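Across the two complexes that follow, chain A remains constant while its partner is chain B and subsequently chain C.
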Partner chain A sequence: MKRWLALAVLIAVAAVLPLLLSPTGYWIRVLTFTLLFAAMAQAWNLIGGLANQTSLGHAAFFGIGAYTSTILLLKFGISPWLGMFAAGALGGLAALVIAIPTLRLQGHYFALATLAFGEVMRVIANVWAPLTGGPGGLSVPFTPPSFAGYSFKQLLPHAYIALGALIIVTGIFEVIRRGAMGYRLRAIRENQAAAEVIGIDTTKVKLQTAVISGVLMAMLGTLYAQVAVFFDPDTVFSAAAISIRVALIAILGGVGTAAGPILGALFIIPVEELMNDLFSAGAAGLSQLIFGAILIAVILWKPRGFITLWDALRARFARGETR
Partner chain B sequence: MTILDVRGLSKRFGGLQALSDVTFTVPRGQIVGLIGPNGAGKTTFFSTLVGLIRPDSGSIKLGDTSLVGMKPHKVAALGMTKTFQNVALFAESSVLDNVLTAGLLRFDVATAREQALICLDRVGLKSVAHKLAGDLSFPERARVELARALCTGPKVLLLDEVMAALNPVEMQEIMDLIRSLRDDGLTLLVVEHHMRAIMTICDRILVLNFGKLLADGTAQQVANDPVVIEAYLGRSAEAHT
Partner chain C sequence: MSKMLPRAGLSRRSLLAGTASLLASPMIGNAARAEAKPVNIGVIMPLSGANAQFGINSRNGIELVADEINAAGGIKALGGAKINLIVADSTSTPTTAGTVAQRLISQNEVTGILGAFASSLTIAISEVTERRDIPLLTMSFADQITGRGFKNIFQVVAKASALGKAQLDYTLAIAQAAGTKIDKIAIMYEDTAYGTAQANGLRAAAKAANVEVAMDDAYPLGITDTTPLINKLRASGAQAVFPVSYLNDSLLIIRTMRQQRITMPAIGGAAGYVIPDFEKGLGEFAEGVLSIAPANYDLAPDLTERFRKRFGYFMVHEALEHAVALDVLVQAIEKAKSAKAEDVAAALRGAKFTGGWTRAMTGGAVQFDSTGLNVLSVPVMVQWRNKELVTVWPKDVAKATAEWKS
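== the complex of A and B ==
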């Protein structure tokens, strides 16, 4: 009961927050991307957290999503709302194709194989100019503002769509984590041979998880394209800016937990913006270095991420109450 | 009625012949002991039966179904599973969740939870259901393994040293449990180093040595078999008799 109340308050705060920011300003943009990256990290959290397979290639699905809906809009005038589902289908297919050979790999090998896949997609998008526009990128065509056309004058609706996406993806994550699939994934993560012997089809469960993760990531790619309005292969298929960043957000926040990616995104995206602001004149890219240092520190001292700080805080309060 | 039919089962790891032409059948409802010196191939044999290891040659049939080349989860669905000698629990999950996960083979989460509690009750661990599996003592963890295997609803259950490190009272409890499972219609293959326990509960005993089946008979027959005595005690045993 208390949990639901806390959740309701949290969502209410998140729902009011965009209204307090200037609708044309800089911070609503930061908020929109924070929510979007939280949702992306949550989609990553399915395969990276629940299945414990650290993917460094999720930009592949993200970029496929951005390109699919935008190309459908450009060439056939199809609303991005529908394009988003086509994006999800293609993203899921790509996830299946990459998962079949790579899910046998463990740890670093899986990470490297997925990293390579993301890079392959980037190269393809750069070369396949007739479809993707090549290195020049694509501009999402301007359509008269309407909800059905997924076209808005201001960023405010995008902030709410990103919030809705985060709630939906987090909901899917929680349903999977608490359901039969969550039990199976934990079993696989903790002891694969034992999981098989008690009747878990480990290959199937991992494939399902990879596909769901890919579908969601691709659909979020569509949302990104609609906010960004312009993108090129090096942005949406970026290993550093997408693949590694979503993994970093989930790992810093608390991998495998629903709150982790949200905490991670609330920290990383705004801090990154601030640092880029502060250092852009003298030392561009310093933020990357600082995040690297933070990641090493978290892995050394709090391998379960920021969520453990929160848990520790809560435990302290709980003890205080009982006294 | 034969439930398990193994013929000519062989497996080689590099220069080591882990299993060599093992043949035997088990009728439904028997408790079969599997003994042999360390490295005799007992654990390899269990792993091969459940599909974790693919044999080089030979056949395994559960009822009328051939299992060779089948993945472990299919073997489990058909009704054969094993426990792990070195205990392979999901250490960061609760005891209940460990067992519940096995119940998902045949039930939804809510029913699997009820089944898991029944299985935990059966091994006498209902009181620690909400503890983390990794926090239990070794003998308790072996019993969680047993409960988890039971919760898959097996016809044939392979127990790999579930009585290791038990005190005599606990051992008696497990022996009673194994008998009651047999009375429920289960067929059990039991690997155990504790000879008295094995001799007491098993209807029949197989002796493995260097991957070969040395003997197959009742406790009495096996205990008096000169080949078995030699394998266990070395050549000098012959001189003493």
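== the complex of A and C ==
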């Protein structure tokens, strides 16, 4: 009961926050990207957290999503709302294709295989110029503002769409985690051989999770394209800016938990922005250096993620109550 | 008690005086600032990552002009207002560049933005500035920049397709002047936005001039071994090679060529071929290498030597063009007599700017058409001669005759 109340309060706060920021300003853009990255990290958390398969290639699905909806919009005038579902379908298909050979791999080998897949997609987008615009990238056309056309003059609607996406993806994550699938995934994570012995079709369960994760990631790619308005292969298929960053967000926040990616994104995206704001006018690359140093410090301080902070806080609170 | 009163009175008086001065101080400050409230101008450049050197060169050019204008009494139409540059790192990610632009607009209330060298970054910034009606001045080449019907973007140099065309056409003319007819060439370019756009221009020009393209190869940015490319080049039978690339690849390509004793003329596509590091990295191998460039410092040495004096190297074209961009922006502010972005953008649209740094451009001035393109800018061909870049074509601006060894 109390948990639900806390959740309701949290969502209410999140719903009011965008209204307090200037609708054409800078912080609402940062907030929108923070919410989007939280949702992306949550989608990653399905396969990376629940199934413990550290994917470093989620940019592949993300980029497929961004390109699918944008190409449909540019060539056929299809609204990105519909394009988003085409994006999800293709993202799921790609996840299936990549998952079949790679899910048999474990640990580092899986990570490396997915990393390579993201790179392959980047090269394809670079070369297939007639469809993707090649290295020059694609611009989402500036159509007259309308909800049906997914085009807004201000960032406020984008912030709410990103918030909605985060809530939906987190909901899906929680449903899976608490359901039968969550138990199977946990069994696989603890000991794959034992899970098979007790009758879990480990390949099938992992495959299902990978596809759901890929579908969600691709749909988020569409949302990202609509906010960023311009992207090129290096942006959406980037290993560092997308694949590794979403993994980092989930890991820093607390992998395998619903709150982890949200905490991680709330820390990483604004701090990165703040570093750029404060230091980038000085020595070249200083802001990234400081940002990197902060990340190292945080990981040394809380190797299991920010979620442990929350747990410690709650434990102290509970002790205080019982006393 | 009576002894204490004067003390209390004194303290009350000083308190009153203090309060009065406190109340008045913001007004004094306001009055002083109203005379010359500095004009914020955003500078967004890749100051980290692969293009950092180009970003730093650009920033140096802008700082030079800003300091000169401030030292000469600031912006006259605004009561001597000083230029206040807000420099920010775009990194190499377009989305970050867009976010940085959003920050400069809403937090620093910039009058205009200059940036961001790489076309993809400039395009991402322009998506933000267009929606907020902030003028963006750039020296990025990509054709899309002024090809989208935007009202608030101003491109001070010729487009990539025009550069690619000039790279070929000028070469044919130079060869002809030396008594050689070229009918077979090779193109190699990195698969970035800049490389592919310029290669398209080269290819189209070759077709128009009936020149056979014997080799047409894209390679990934950051290539580590160019030997296969050079072997292919040797086998192609081309009379001249047109490499389009940033710095590291340009060094590898020319070094591998010269080490294999391939002496065919190489005509670079600006970027890596026209910066001091090219000569530093190649030494004597750099001598005689040609390159297309959107502008060159030897066309206005009285202006560009000031850059060399301050920074210790010649004024590379990105520094020069960004200097011109700032000069044009300031001229527009003078003309508009306002630091409001919309007023300045209106003063820029379709206008012609002369004098100052615009003299350093080919055409001797800057004139924007309705798309925001500077129609007066014509690319030049430069050649490495004794550690300097010398303009060798077109004939009317050339400082020396091109050396052509076929």
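One rule holds in what follows: the second predicted complex is superposed on the first by the 302 of 323 C-alpha atoms of A that agree within 3 Å, B and C clash if a C-alpha of one lies under 4 Å from a C-alpha of the other, contacts with A are read in each partner's own complex, and residues count from 1 in each chain.
The rule is simple: a residue touches a chain if its C-beta (ideal position, glycine included) is under 8 Å from a C-beta of that chain, and two chains touch if they have at least 3 such contacts.
These numbers come from a predicted model, not from an experiment.
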item	value
Broader residue contact with chain A after superposition on the shared chain, chain B or chain C	C
Chain B versus chain C as contact partner of A:199, first or second or both or neither	first
Touched partner set for A:229, first chain B, second chain C, both or neither	second
Contacts of A:186 with chain B and chain C, given as first, second, both or neither	first
Common interface residues of chain A - those touching chain B in one complex and chain C in the other	none
Chain A to chain B touching residues, read off their complex	179-180, 183-184, 186-187, 190-191, 193-202
Residues of chain C touching chain A in the complex	47-49, 52, 55-56, 86-89, 91-96, 98-100, 102-103, 105-107, 119-120, 123-124, 127, 130-132, 142, 144, 148, 191-193, 195-197, 220
Complex contact set, residues of chain A against chain C	22, 24-26, 29-30, 33, 123, 126-127, 129, 134-137, 139, 142, 153, 228-232, 234-235, 238, 241, 273, 276-277, 280-281, 284-285, 287-288
Parts of chain B lying in touch with chain A, wherever the complex brings them together	50-52, 71-73, 76-77, 81-82, 84, 88-93, 97, 100-102, 104-105, 108-109, 112, 148-149, 151-152
